[in-house]
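Report on the structure given below.
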Amino acid sequence: MKGKKKLEIDVLNNVPNRVIKCLDQGFVSFVDTMPRLVPEEQKTSDFAIVQAARVSYGNGTKTVNEDRGLLRYLMRHTHTTPFEMVEFKFHMKMPIFVARQIVRHRMASLNEVSGRYSVLKEEFYIPEMENVKKQSVLNKQGGDETLESKEAEIYLNKLKDFSDSSYDFYKENLVKEVSREQARMVLPVNLYTEWYWKIDLKNLLHFLCLRCDAHAQYETRVFADAILELITPIVPLTIEAWNDYQEYRGAIKLTRLEIDALKEAFKGEVKVPHINSDNKREKQEWKEKAAKLGLVVE
Amino acid sequence: MKGKKKLEIDVLNNVPNRVIKCLDQGFVSFVDTMPRLVPEEQKTSDFAIVQAARVSYGNGTKTVNEDRGLLRYLMRHTHTTPFEMVEFKFHMKMPIFVARQIVRHRMASLNEVSGRYSVLKEEFYIPEMENVKKQSVLNKQGGDETLESKEAEIYLNKLKDFSDSSYDFYKENLVKEVSREQARMVLPVNLYTEWYWKIDLKNLLHFLCLRCDAHAQYETRVFADAILELITPIVPLTIEAWNDYQEYRGAIKLTRLEIDALKEAFKGEVKVPHINSDNKREKQEWKEKAAKLGLVVE
Amino acid sequence: MKGKKKLEIDVLNNVPNRVIKCLDQGFVSFVDTMPRLVPEEQKTSDFAIVQAARVSYGNGTKTVNEDRGLLRYLMRHTHTTPFEMVEFKFHMKMPIFVARQIVRHRMASLNEVSGRYSVLKEEFYIPEMENVKKQSVLNKQGGDETLESKEAEIYLNKLKDFSDSSYDFYKENLVKEVSREQARMVLPVNLYTEWYWKIDLKNLLHFLCLRCDAHAQYETRVFADAILELITPIVPLTIEAWNDYQEYRGAIKLTRLEIDALKEAFKGEVKVPHINSDNKREKQEWKEKAAKLGLVVE
Amino acid sequence: MKGKKKLEIDVLNNVPNRVIKCLDQGFVSFVDTMPRLVPEEQKTSDFAIVQAARVSYGNGTKTVNEDRGLLRYLMRHTHTTPFEMVEFKFHMKMPIFVARQIVRHRMASLNEVSGRYSVLKEEFYIPEMENVKKQSVLNKQGGDETLESKEAEIYLNKLKDFSDSSYDFYKENLVKEVSREQARMVLPVNLYTEWYWKIDLKNLLHFLCLRCDAHAQYETRVFADAILELITPIVPLTIEAWNDYQEYRGAIKLTRLEIDALKEAFKGEVKVPHINSDNKREKQEWKEKAAKLGLVVE
C-alpha cells in the first residue's frame, strides 16, 4: 500500500491569497482542505480524485497526463463520487440574506455565530452605488440594470441610517436586559453573520454551478466567485474539465424539442425552425441557446 | 405479497385539528403523511415502522400487541431506520429567526417563499407581553424569567413601530424600483416567512428532541410543540416509546463518571458523592440528574 | 389554508398492476406513495410538486395547464427541491449483486432481510439464456452481444448446480450450529435478498437516469425499468418533462468543445469538424452525439 | 483573521502504524485526514472542533485546558455539528458481507473496486478456528461461544475448498467470455473487496458506537476497532469524552421505567424492584444495567 515516502508539498501554498474580501465587510477565508499534503510530482489535489476512482479498476497510479484523461472522463460522464474525496473548509462572513441562501445547500457542515450566546457585531451590508440593481420587469429576479444614481444615493443613505437605528434599538434592548435571543429580532437581514463552512468538491461544484450563475443573486455570487477563485489552484484540472463539460458553465443542454428542431434544420433548410412548443419562455430559451451555437432561429 | 383487500382508513382523520396557530400570526398546517391509508385494524401509522422492520426477520404481520413490543424494542435499541419509513409534510409560517434555526435540520426537504420573486407580506412577530424574556446571567441562552411588564411594554411598542417603519421603507424601495431582492434587505428577522417542509419520522423525532427541549428558543419550541401535537395521533405507540426511552424525554443518560459516583453510593454509604471531576458545570448537571433519581448529592 | 373539502382519489389506483416481476424470481411491489389521496381534478401527484413550488411565488393553485407549464419550467431549470415533495415506497426482491448497486444511492431509506437474524431462502438468480452476455472487448462493461447458446447452456447448468451446492453447504452449516451470520458467508451474490425501499421523486429520477441507462448492468436496469413503469401513472407530467429535458433521457449535453466544433460547421462549411481534442474516446462520443443531431462528423 | 504563522506538525505522524491488518487478508490503511497540519502547541485535531464551535460564541482561541472543557461540554450535550469539521479517509479491504454492513452508513463517501470493470482477485475470508462462532439459542445474532474445534475444522476446510471452486468457476466463465459482470455472480460473500472510504468524525463516532458494540458482527467489529485505534491519536480528547459520555461506550441510558424503579429503591427499601413492564426482554435489560450500577434487581 505504500512505497517509499514521496516528497509532499502543502497544497494551500498554491493559493496566492487565502482571504478574499467580499462586498463591503465580508470575506471568504480558506481554512483547510483535504488532501493538504500532495505529492510533489502532482502538485495539486486532482490526484486524490483519480486515486479513488482508480480503485474501481483495481489499478494504481499513472502518469499525470493519464490522470487528466481519467478526470475529464469522470466529469463528462458525471461519475461524481470520486469528487467527494476532496474536502474544503472556509471561514466566511456574509449578510444574513446571503447566508440564508447558502445554508440551503444541505450537503455541507457549518457552525455559525449565535445571536443567543453572543452579542452580534454592528456590521451591516451597504451596497456600493453601482451595485444597487433596478427591478427587472421581464425577469422575476433582480435585473442587470443599475438604479439611477440619485435614487440609489437616497436609498443607500436611508439604508445606512436604518441599519444604525436598528442596531441602536438592539443595544438598547440588551441594556434593558431583554434576552439576547429576543433582542436580536429587530436586526435586518443585511446584518453580517459568520460561520465555518465545510463541503466536499462534488457538492461544492454543484453549489458553484447554481451560485456563480447569472440567476443567482449578485451578493451571493460574489461569495461563490471568491470560493471558485480560491479552489482553482487546488484542483485546476477539475475546474478545467468542469468548465468544458458542465451545463451551467461551458456546456449546453439541448432538449428533445431542440434536438428535433436542429435535425430539421440540418435536413438542408437554411433557416432554423422554432421548437415545437407553444411555451413562450421555452421558445425564447431556444433562441438564446441557438445563438450560442452560432445559429439564428427564424 | 398481497392478500385480499383490507379495509383502510385515512389516518389524517385521527387528527382533530390539522392547523395549529403558533405565536401571533404563525401556524403549522398538517398537509400530508405517508402512509395515508392505514389498515382499519391498526388505526395508526405505527404499523408501517413494524412492517419495514419485520422484513429483517423475514416474517410478516403480527398482532397489534406484538407490534407494540417490537416498536418499543426498536426505539430502546436505537434501530432507527424503520422510523424513516413514515413521512410528514407541513405548511408552516414562522418568523425568519425561527426559520433560520429549523433550516439547520438538513435531513428535510423544503420550499420557501422567495423575497426575490415575490413581494413579502407585512407580517411581523410581536411577542405577547408574558413572553418577553429577561436575559439570564447564569445561562447563556435566554432565561425563564419574564421581563418586568413596564419594560416589556416599552420594548413591544417600539418593536411594533420599528417593524412598521421597516416595512414602509421596504415598500418605498419597491416603489422606487429597487430590485426586490435588495429592497428586502431592510426587513428584520421577526418578519414572517412560510414554507412547505417535509421530513421523515426518524429525523423529526431528532428535531423534536432538540427543539421541544428547554434549551431551545421559546419561539422555536412553540412550533416544535405544535408538530408533536399534530403527529401524536398518527404514531401514538412511537411517541409513547420515545417518551419512555429517549434521552431528551423521559430517559436520562448517566455518564461514566456518574455511574462511578452512583456505585460508590450503593456500597452502603448513605451520602451520594460528587463525581470525580473539577468541572463546575458537569458537577451541577450531576446534581440535577441525581435529583431526578430521587437522590441528593452532598 | 383550507377551502371546503375537495373530492379526492387514491392515486395508487392509477397503477394497473402494483407488482412487477423482475428476472426469474424477483419483483418490485409498489407499497405506498405520498401524496396518496389527490384532488379528483388533478388526478395525479404532479400537483404536489407545483403546490410546493408555488409557495416561492406566494400564490396558490392554478389551472392544470399552468401547472404543467410550471412543472416543465422547474425540470428545465433543474429546480429540484419541489420534486422532493413526492415520496415512494417499494418492496423489492433482487439478487445481492443488484442490491449492492442500488444501495449506493444513499438518499433513500431501506430495511433489508438479515442473514444474521433469519435463515435465508433458497432463491438464486439464474439468467435466461438470451440474457447471458458476452464480454465486450471495446467496452469495459458487459457488452450487448449474447453468449453463444451452447456455451450459455453449459454456464447456466453449472450455475444452477453451483447455487444448489452453495445452499446445501449453507444448510449443513446451520445444522452443525455454525452461527447464521458466518454460515451465510458461502452464499454467492446471485442469491436473492429483499427490502423495503423508500425514496423521494427527485432522488428517484436521479437513480432512474443512471440505472435505466445503457451503461447500467442489465439486471439492475430491469428493476429500474419496473420502477419507472410503476411511477409513470402517478406523476405523468413529470415523467414527460423528464424525458424531454433530462440528459440521460431525450436531451443531449454539448460540451464546450462540441459547441466550438458545431459553430465552425455552421460558418458555412459543409463538413462537421472533429472536436479540438486528441482524446479518442471523447472524439467517438462526439461522433455519436452528432449522429443524434442528424450530422456526420467527417 | 491570521496572526503570524504558527509552527505546524503533520498530525498523521501521531499514528505509529498507519496500516492495521484485519482478519486474514483485510486491512484498514489511514490515507488522509483534515486537518492534516495542526498547530504544534495543540498537537492533535481536537482543536479543529473547538475552533468551529467557538465561532458560535464569537470568540477566538483559548488554552488547551479550556479547549478540553468545551469539547467535553459539546460531547455531553450532543452538540454534534462541530465534530463534522474533522474528516478521515481510509483505504480498506474487507469481505463483501462486511462491506454490505458498512455501506449502510450513508453519511460517508466511497469508491469501490468494480466487478464489472476489472477481474476480481482470488482473496477469500477464512476465519481462524477460534473465531468460528456457534449460533446462540437465546440471542438471534451469532453468540459468543466458539464452535467445537473438530466441527470448526471441517467447516473451515470445506469453506476453503468451496471458495476455491467458486473462483475456478469464475475464471472458467471469464475464459468462456461470459461478461465479467455476470461471471462474478458465483462469488460468495466471503470474497474480499476494497474501497476508499471517507467520513467525518461525527458520523464516524456514530458508526463506531454501532459497530464496535457487542451486537455488531465480529468480522465487522474487527474493522471498526482498527479504525478506532487509528483515529485515537488524532483526536484523543474527543475519544476520551466519547468514552465517558456516550451511551454505547461508558455511559448508560436509564429509561423512564428504570428511573421509576430506581426512585422506588431509593425511598429506603433495600431491594431494587423490577421495572413496571411485562416485557421479558426489557426486564432482563434492566437487570443487566442495574448490575453495572452495582445493584441487584430482586
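Labels for the chains are A, B, C and D, by order of writing; each one numbers its residues from 1.
In this text, contacts are C-beta pairs under 8 Å (C-beta built on N, C-alpha and C of every residue); 3 or more make two chains touch, one makes a residue touch a chain.
Just so you know, these numbers come straight off a predicted model, no measurement behind them.
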* To do: Could you tell me which chain lies farthest from chain A when each chain's centre is the average position of its Cα atoms?
  => D
* **Which of A-C and C-D has more C-beta contact pairs** => C-D
* **Centre-to-centre distance between chain D and chain A (centres being mean Cα positions), rounded to whole Å** => 35
* With chain centres defined as C-alpha means, what is the inter-centre distance between chain C and chain D in Å? -> 31
* With chain centres taken as the means of their Cα atoms, state the distance from chain A to chain C in Å. => 30
* Contacts with 2+ other chains: residues of chain D -> 57, 117, 140
* Name, in rising order, each residue of chain A that touches chain B in their complex. => 95-97, 100, 103-104, 106-107, 115-117, 125, 127, 132-136, 140-143, 147, 151, 154-155, 158-159, 162-163, 165-166, 169, 173-174, 176-190, 217
* Residues of chain C touching chain A in the complex -> 57, 69, 72-73, 76-77, 140, 243-245, 247, 249-257, 259, 262-263, 266-267, 279, 281-282, 285, 292-295
* Structure fact -> So, in the complex, the side of chain D touching chain A is made of residues 1-2, 10, 18-19, 27, 29, 32-37, 48, 51-53, 55-59, 81-82, 84-85, 87, 89, 91, 109-114, 117-121, 194-196, 198, 200
